[in-house]
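Would you mind keeping the following structure in view while I ask a few things?
Naming follows writing order (A, B and C), and every chain is counted from residue 1.
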């Protein structure tokens, strides 16, 4: 036994030295059964890009109803890919492939099933992007866009939904006097809150936030964070972030992803004070390995 | 548990400085316990004054180390094991500071004694107790610095022995009070010294519990059995 | 230790000196290049301005109300370009109506709907190549296909169709470029709201790509207005003393398409015809026609620039 290891070591040098280390690593920690009500369940979910690269490997993750779930992990770990899978963004580019299930509760509908229409999925699961991306239209039209897409034409209905979404996004007071001005005249932070309002207007069941504050200054970031926390009382939120302090501040559950796998999922306080998996610990404490 | 270095070298440096400061303060506190007790046993007022003055150094080291804790918290916003270590050190620093105060209390009894020049004749138990307490305190400091749960468990085991010493001193003092009421002051002093030593031992126990929290992430309450 | 520090300091000073020299040399190169560029540009602009200036000096005085409202004549001083500019206008009308919708449709289809594969690559390469095919080839194609094949005759409709074919690649390519230039996050944002492809196309892609598409269309038209070769090939008349039937009629149904099947001439052909005559008076008339033609082209380009400027302002992020 020892002899074999030694020859292996001598032959392949570094690789052999790294291999036993990998083997020592405990397997990913599967999420415990949640007692809180769920809004969605990700089950044995895998995702392949059109070039055959498997970006997500057999991920299991619960999404709690009206709670904030944060996904953290190093660049390229698949966290954004996972988020974009939840509203079928990958269907915009040909050749991408999903496997497994994303079950929307309580109906039990599989969002990535063959008979789920991506357009209908996106009507139920809204998305806010990394960089504020208001449409080149007025503030009012930006928020109304999601309603117009749904074929809502009644002026009164749209007016009401626009105001309510802007109020929920805590930006109403700043824009109520210039609703018909260009969205591009807003500051970056206001634009991002406008994008959140746009996502909220059609009343989605889940709102996905893909690093929503990475392009914002600290003051705008604080406003968005407060907003996200307030929103979690009424809507289920999944947020991807590079900022671990942010994840620890605003989320109720945190998932740590590494190389396409969900390594650990748990209560945010537990993940950030006493993570179970060494890889999680190394990542959040900023260590090598 | 093997620990990888941080991506930020200054982070490791900060934590290392924190550990060194804590170790240094631990050495001073344990040393002062031994020194104050020796002064008490010898009835040496000059040494006792020295011990009292050294407590000021311990207090200064305490302030310095606590500032270092804030500095690391502020600069690196530690989480997980690092956060627990810093919180553990911060609590342990308080315990060391209190242990230092107990050493000062012992030294004060030398000065307040009516007949300080006379060496203590019944000091055998106190001497052994002080040695054990100083050793346990050092051990608890080492346990936290190296995050060794083994050493921490040894500290927790020692605490029972320290308590037994205190009880023995108490019993013998009661007997001595009846036999020679004329030297009541000395006997009462001995009781105070034993109590101070026992309290110091409790602080070592607290530090050992911090070690368990730091390395396992389990709150100290969960490890307390009674 | 001290030695090493001094050594490295000395090296640092030397490096600074080298760096200053390098920067100075680079600046000198900049100046040489800028001067060379200025001279080349001055030559090109002088040639162009001389050409235009020559036309203007010789022809501008000839342009008056009579010149614009008279038919061609045997007498140079009585000749006008009425039939030519009306012909140009009508041919452009047909070209625009054909090339712009078809070109935009094809561009959008290729960019947004068509599956990316060897076929779409093949089409893309060919569309780009078509933009570089000499215009006379289009003329020959039109002559063979429209005039003889479909027996459509030498009419305004055929001329418009020919020029539409000619500028179709320009419109397609510029449409695709404009669509491709739309930031991906805008498109994804629209899709993310649950919009389907048709909604994204109409409400987001076309509005955002409008400046680029319109610019391409107008640049295409301004090329078409100056084309002579294909029009000659399909057999435009050179001497027309009548106008096609007016598109608007006083009787029901008010709009007439009879003009489509009429013979015609256009400005460049009128100019070509006059240049090839011996009389000096016709040469002056040709120069005047040239001025009108250049003015038309500049106007179209100016409109393109204005549209691009106006619309892009609203869409810049």
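Simple rule for what comes next: a residue touches a chain if its C-beta (ideal position, glycine included) is under 8 Å from a C-beta of that chain, and two chains touch if they have at least 3 such contacts.
As the structure is a prediction and not an experimental result, all values here were calculated from the model.
Setting chain A aside while every other chain stays in place, the touching chains sort into these groups: B | C. Relative to chain B, the most remote chain by averaged C-alpha coordinates is C. Of all chains shown, the one whose average CA position lies nearest the global CA mean is A. We define each chain's centre as the mean of its Cα atoms; on that basis chain B and chain C are separated by 90 Å.
The mean-CA centres of chain A and chain B are about 49 angstrom from one another, to the nearest whole unit.
Shared interface positions of chain B, i.e. residues touching 2 or more other chains, are not present. On the chain C side of its complex with chain A, the touching residues are 115-116, 183, 185-196, 199, 203-204, 207-208, 314-317. Against chain A, in their complex, chain B makes its touches with residues 3-8, 11, 76-84, 217. The touching residues of chain A, counted against chain C in their complex, run 87, 89, 92, 94, 119-120, 122-124, 126-127, 129, 131, 133-136, 145-146, 148-150, 182, 184, 195, 198-199, 202. Of all the residues in chain A, the ones that touch chain B in their complex are 244-245, 248, 272-275, 280-282, 284-289.
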